[in-house]
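Here's the structure, in structure tokens; my notes come after.
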Amino acid sequence: MICGQKKEMIAMLLAGGQGSRLGILTQDVAKPAVPFGGKYRIIDFPLSNCTNSGIDTIGVLTQYRPLELNAHIGSGQPWDLDRLYGGVFILPPYMGGKGGEWYSGTANAIYQNMNFIDLYNPQYVLILSGDHVYKMNYDLMLDFHKHKNADCTIAVIKVPWEEASRFGVMNADEDSRIFEFEEKPQEPKSNLASMGVYIFRWKKLKEYLIKDEEDENSDNDFGKNLIPQMLKACEKLYAYEFKGYWKDVGTIASLWEANMDILDPNVPIELDDPPWRIYSRSSNMPPQYIGENAVLSNSSIADGCNVEGKVENSILFPGVTVGKDAVVSNSILMPGVSVSEDALIEYAIVAENARICKSARVGEWKKPEIGKQHREITVIGGSVTIGERAVVPAGTTIDESIIEEVGE
Amino acid sequence: MSILGIVFSYSERENLRELTRLRTIASLPMAGKYRIIDFLISNFVNDGIYDIAVIARDNYHSLMDHLGAGMEWDLIRKRGGLRVLTPYAKSESGRDGLYRGSVEALSNNMHSFRRSMGDLVIMAEASILYSIDFNHLAKTHLNSNADITAVYTKQLNGHPTVPMGVAVMHFNENNRLYDLNINKDDMSAQDVCWSIGVFVIKKSLLMSLVADAMAFGKYDFLEDIIKRLSNRLDIQGYEYKGHLLEVSSVAGYMKANMNFLNANFRNRAFHRPIYTKSKDSVPARYCKGCCVKNSIISDGCRIEGTVINSVISRNVFIGKDSIVKNSVIMQNTEIMQGVSLDNVILDKDVIVRENRQLSGHETYPVVVEKASII
Amino acid sequence: MICGQKKEMIAMLLAGGQGSRLGILTQDVAKPAVPFGGKYRIIDFPLSNCTNSGIDTIGVLTQYRPLELNAHIGSGQPWDLDRLYGGVFILPPYMGGKGGEWYSGTANAIYQNMNFIDLYNPQYVLILSGDHVYKMNYDLMLDFHKHKNADCTIAVIKVPWEEASRFGVMNADEDSRIFEFEEKPQEPKSNLASMGVYIFRWKKLKEYLIKDEEDENSDNDFGKNLIPQMLKACEKLYAYEFKGYWKDVGTIASLWEANMDILDPNVPIELDDPPWRIYSRSSNMPPQYIGENAVLSNSSIADGCNVEGKVENSILFPGVTVGKDAVVSNSILMPGVSVSEDALIEYAIVAENARICKSARVGEWKKPEIGKQHREITVIGGSVTIGERAVVPAGTTIDESIIEEVGE
Amino acid sequence: MSILGIVFSYSERENLRELTRLRTIASLPMAGKYRIIDFLISNFVNDGIYDIAVIARDNYHSLMDHLGAGMEWDLIRKRGGLRVLTPYAKSESGRDGLYRGSVEALSNNMHSFRRSMGDLVIMAEASILYSIDFNHLAKTHLNSNADITAVYTKQLNGHPTVPMGVAVMHFNENNRLYDLNINKDDMSAQDVCWSIGVFVIKKSLLMSLVADAMAFGKYDFLEDIIKRLSNRLDIQGYEYKGHLLEVSSVAGYMKANMNFLNANFRNRAFHRPIYTKSKDSVPARYCKGCCVKNSIISDGCRIEGTVINSVISRNVFIGKDSIVKNSVIMQNTEIMQGVSLDNVILDKDVIVRENRQLSGHETYPVVVEKASII
């Protein structure tokens, strides 16, 4: 191990979740590895935020199908995180002297990796999760944390009052000091929702992690256990309000919406932002080719695509092909999807390497259109084949190939 | 048998006007997001050759910026890897440091070749694009017991004539080279064997041939080693039959780019990955009202206007009501509204203001110099 | 994931073992991460062998305290294994859709990572273990494997007949085809011991891994289950005889001996071998300083050491200090050990960062010397302090600090 | 405030005889396994400055071999990282390409500095070893609102005189520089402020000062910018009080190495890690019958003989019955049996045959050139 100076703050990124609400999209990959925004994966956002905020040491806690995530992160080079001292590390559960233990909760995952954190002897630890899309300068949050001399600072964002009851809500005084935390309250007293981004003084966090671990009734979760315990003990917890775009992409609907937000010039999530780039691993594909008969509108298309048909309001990831006379609208086509001639795809998420054959119809909508928000999203699983002329009705989820023509 | 690849990043016979005023031919953009040298270096890497020396002569800053430490080509290696070799400002001859020929370029970098673990050298130049199986070439060379293997092609790639300035090579019935001449006419004969600049030779032989030639004041590899010593050395021919692009004139450069609009050509050129510098750009964005036909578009572009039969590099903006036709647009270019371009090559960082019109001809495209504002 | 060509052969390195026979030396680290030979760790040997044999893709299967191993391997750069396509990957157990499973045996560990292997679609898979010291060209073994058109080739080494019963023994015909495999036979029919190095045709291995996994009675172990199954089915198994130095360093005694072998010019394990370098992560320490009163003999001393006393027949890892009038003989001092003035260390292994205080005596031998091979090895655990004038008798194992003076 | 480090890898005032015939001063071995430049670059990296341009002039091959892509210094970075800037062979002035002075060296590399994200520049030269807190220096500069901060020292490091050729700087009561002169005498006065070659300046100001000077045909940074403009520019002094080694003569080089035998000096020099190229050597091997006293030994050495008061680099073999005293031995050297060396500097790859004896004096060590066989 190379010795070096201590790090002021290191980040621990909780990437362990299966993300079961994303259904077949996370059948083979961990949620943070789900493709997003035309060339990224969800985890690129917190990783790039770290790099752009000057944080160069990150532990990624993962236990669910880490193969793609491992391959994606690799040495960390795309995020400039291949460091001699520090960098990005995948931290899976491991066996100690007394056998192994899976991560039982977010706090337990950190608890099991206290040794890793102590290697860098940081003053502060930043806890992140791997399932949100946002651009945030954690360094400014650290300034706030230091300024308040806080034990813990929790990033919060104003959400519409009617949605507040879906979140963990912070009740803070005018100095931003948190006096109460309510997990999914029926009648929220505030609309400041926790973003799942915490800065702790490491010594303090360690103390509470050890206490929490001793408590047999604890679920070892930050929101449910650790934060309430700290509040009970009158530790200094502050709320840091983040003003910007932030979206949990934990459901099919929100994943689809967040992708569409990129195409909407009125939504403040500009990815083409050189001072705050979102880095990702390059696909090494040739540039896209747009054919003689292609018709494109309001779409984002990545390297390696080959478009001969019509694409509107859609996001095409690297290596997607869209054949002649095919129509793709309001859809997300993940890497390697092929859409053959004359096929139709509407309001759909099509996962990696799926094949939509000639004249198939995905997301076909029989009911009269009532409005975009009511249209249900169709999901086609990875490597699934939708056969010629097969019809996949709107709102269905297909995780096995359909070779025969399917009626309704 | 471990192989060292030696790449000449410059060409003595090119006439690319403004395009190579500030860069060497190897770093000329190609096919949207690539530089010419990417094809050659990827070819080496895809064949498992990870020990590559690039000889730079002048105007090499853009080349060095592009290659960096070789990360994207997987060429940051403990053993071998990528080295860009720049000439000493203070040459022994006391001249201004521009090599007097390819032999002197090799001679000045012998210290680096010597340290390489490779014992077989494949020499190549960056001004011709192809995709060759270097391992098969090396095996053929070793099995033939030749001193040198010279790669030629009979392809004209749609050109009516053999490119000016290339070496035309003559082989006898045993496939042994007996003569060589530089093409100075519009030679259009079928079945002319012309060199694609690739030679295979043992490192130890190359080192002694170069040392000998330098001692006699002979500086040109083709003339003074291949041709002059063809009676002493067994120089065998190896025919390359794959696809090919020769880039030594502006029209040739334009044509080379346009070749990538052909699906067959593209499939052949990209059947193995071609690596290039990563720019971390966003995917291309096509706005409402845009119209794109038969074109290559790179990441980071934002297209509001019309693009037809063109090759567009990274981070290009094409404004509303603009029409770009039959053109090559390099990176970071901004084309405002109502512009019309036809048969134009825009170098990088160019700004074309509202409603400007430029048009050249296929045989003589308009070239707009780097960072111009029109 | 970057696409690339298929790999002819990739390696899977079984580094999961706790190595409990190494006692306190593996209390905090996995066995392959145990320091060896003055600047290496055991795993450097198979990793360097791979690099030198032209194998650039290696999965390291680990589940026991992987922190040091992770930090040691990092991006793989020291072994030239930081590759865009391929390279070295740590493969911990993970949770799939139905919950997680620890590796239950060597074959199960490979079974759980079949996806990883399939990513590279290799023709051959090389199985290695992380607890042997040897220099071997696996490429020559692959040539043999191809030449024999084998389904599996097992590397074997001739051991003295009297030791053969401690190993898995191969009984092969004159064409080297194995017709019988005996695990630790009482009366061995051959002295060709398995080195735990296998080359399999990947398709064949996959078939047997799946079969083995279905067998509920199987221990999912290569030696115990998979190889016998293949023999039973008359698959083509060949023995490849390796002639060279090979040592299992799974016990304290063998670890000590293997280290001493390095100092013995008559033992054919030359580490200073430029065409077959053993690579390791650099310690980044200043060069060693040898003081005015130092006395050195037949020893190997690494960067960052500071020697003022007497060192003979010993191996000092990076950052060891030996004070004035101290004597270190026939011992192995792991990184960061400090030996104060006038201390004595004989026939000992002192683990990382242990402190031997002034005038302490470690490995003191009261009985009359009968011969080197009977001298028992003393082991001092990592970060343990042996107090001033404390005496640690030969053959003891100390895993807690001794502050007081200890008599007998 | 993001910082760009600019390092001059050569020195115009050094007189190191054979030691710099084939290498630039920055790549001279030091303290066994290091090169001089390792101390400076590690200093930058330890202070979190990862954007470093090294200006090379001539004889830079060993420097480039040593630095490679910057891996060992953690300087392969997407943003910033290490660049070694070599001069163009074809300079605009049409001369032989050796910079006419430090201003021209800066001017020729402006294209690279411009692309750096750093907006504050710390300039340093590789011929003096020190360990300074660059962050504190930068903060002091910014707080002082000075145009330039010049780092000086009053230390003589045991030398009786201020080193020849360094800039002696004069500050008024406000710590503002009002004059500068190059030390040409044996100036031995106490409290002389002499420059350690470190200057802090905004990148934009540096660029305009360099452009101005070039336009007037002024090529020396010290004379033509610092001294000439000291009335116009607010140039503040910053005193460095730490340890220091100045290496511009052979005796000074010897003395610098010997300093590392002192425990106090070693502890100060290595209190933060110093990075260098990894050689993957085995640990040093001490054979039966060897005798080593008060010496630095590097990895890869094999010692069978006697070593006293010496600094031994990597992969050195010292045979039986040989005695090496008060000497600096560079890497890959082989000293056979019965040799006696005293006050000798052996350059790398030297072979000293059986029973040879060489001896110099502290004030004039014998220097044996690279790859000699004695």
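First chain written, first letter: the chains are A, B, C and D, and each begins at residue 1.
Throughout what follows, a contact is a pair of C-beta atoms (placed from the backbone, for glycine too) under 8 Å apart; a residue touches a chain by one contact, two chains touch by 3 or more.
Since the structure is predicted, the reported quantities are computational estimates derived from the model, not experimental observations.
Peer 1: Based on the averaged CA atom positions, which chain is farthest from chain B?
Peer 2: Looking at centroid distances, C is the chain farthest away.
Peer 1: So using the touch definition from the top, which pair is joined by more C-beta contacts, A-D or C-D?
Peer 2: C-D
Peer 1: Using the average of all C-alpha atoms in each chain as its centre, how far is it in Å between chain A and chain D?
Peer 2: 48
Peer 1: Just curious, how far off is chain B from chain A if you go by their C-alpha centres, in Å?
Peer 2: 41
Peer 1: Hunt down the residues of chain C that sit against at least two other chains at once, touch-wise.
Peer 2: 2-3, 77-78, 82, 279, 282, 284
Peer 1: Can you list the residues of chain D that touch 2 or more other chains?
Peer 2: 71-72, 76, 273, 275
Peer 1: For a test of understanding, state which residues of chain C touch chain B in their complex under the given definition.
Peer 2: Result: residues 2-5, 77-78, 80, 82-85, 279 of chain C touch chain B.
Peer 1: Using the touch rule from the top, collect the residues of chain D that touch chain A in their complex.
Peer 2: 46, 72, 74, 76-79, 272-273, 275
Peer 1: Using the touch definition up top, name the residues of chain A that touch chain B in the complex.
Peer 2: 38-39, 77-78, 271-272, 277-280, 282, 284-294, 296-303, 311, 315-316
Peer 1: Which of the residues in chain A come into contact with chain C in the complex?
Peer 2: Chain A residues touching chain C: 1-3, 18, 27, 62-68, 70-72, 74-76, 82, 87, 89-90, 92-97, 100, 102, 115-116, 119, 281-284.
Peer 1: Using the touch definition from the top, list the residues of chain D that touch chain C in their complex.
Peer 2: Touch residues, chain D against chain C: 31-33, 71-72, 261, 263, 266, 269-270, 273-275, 278, 280-300, 302-303, 307.
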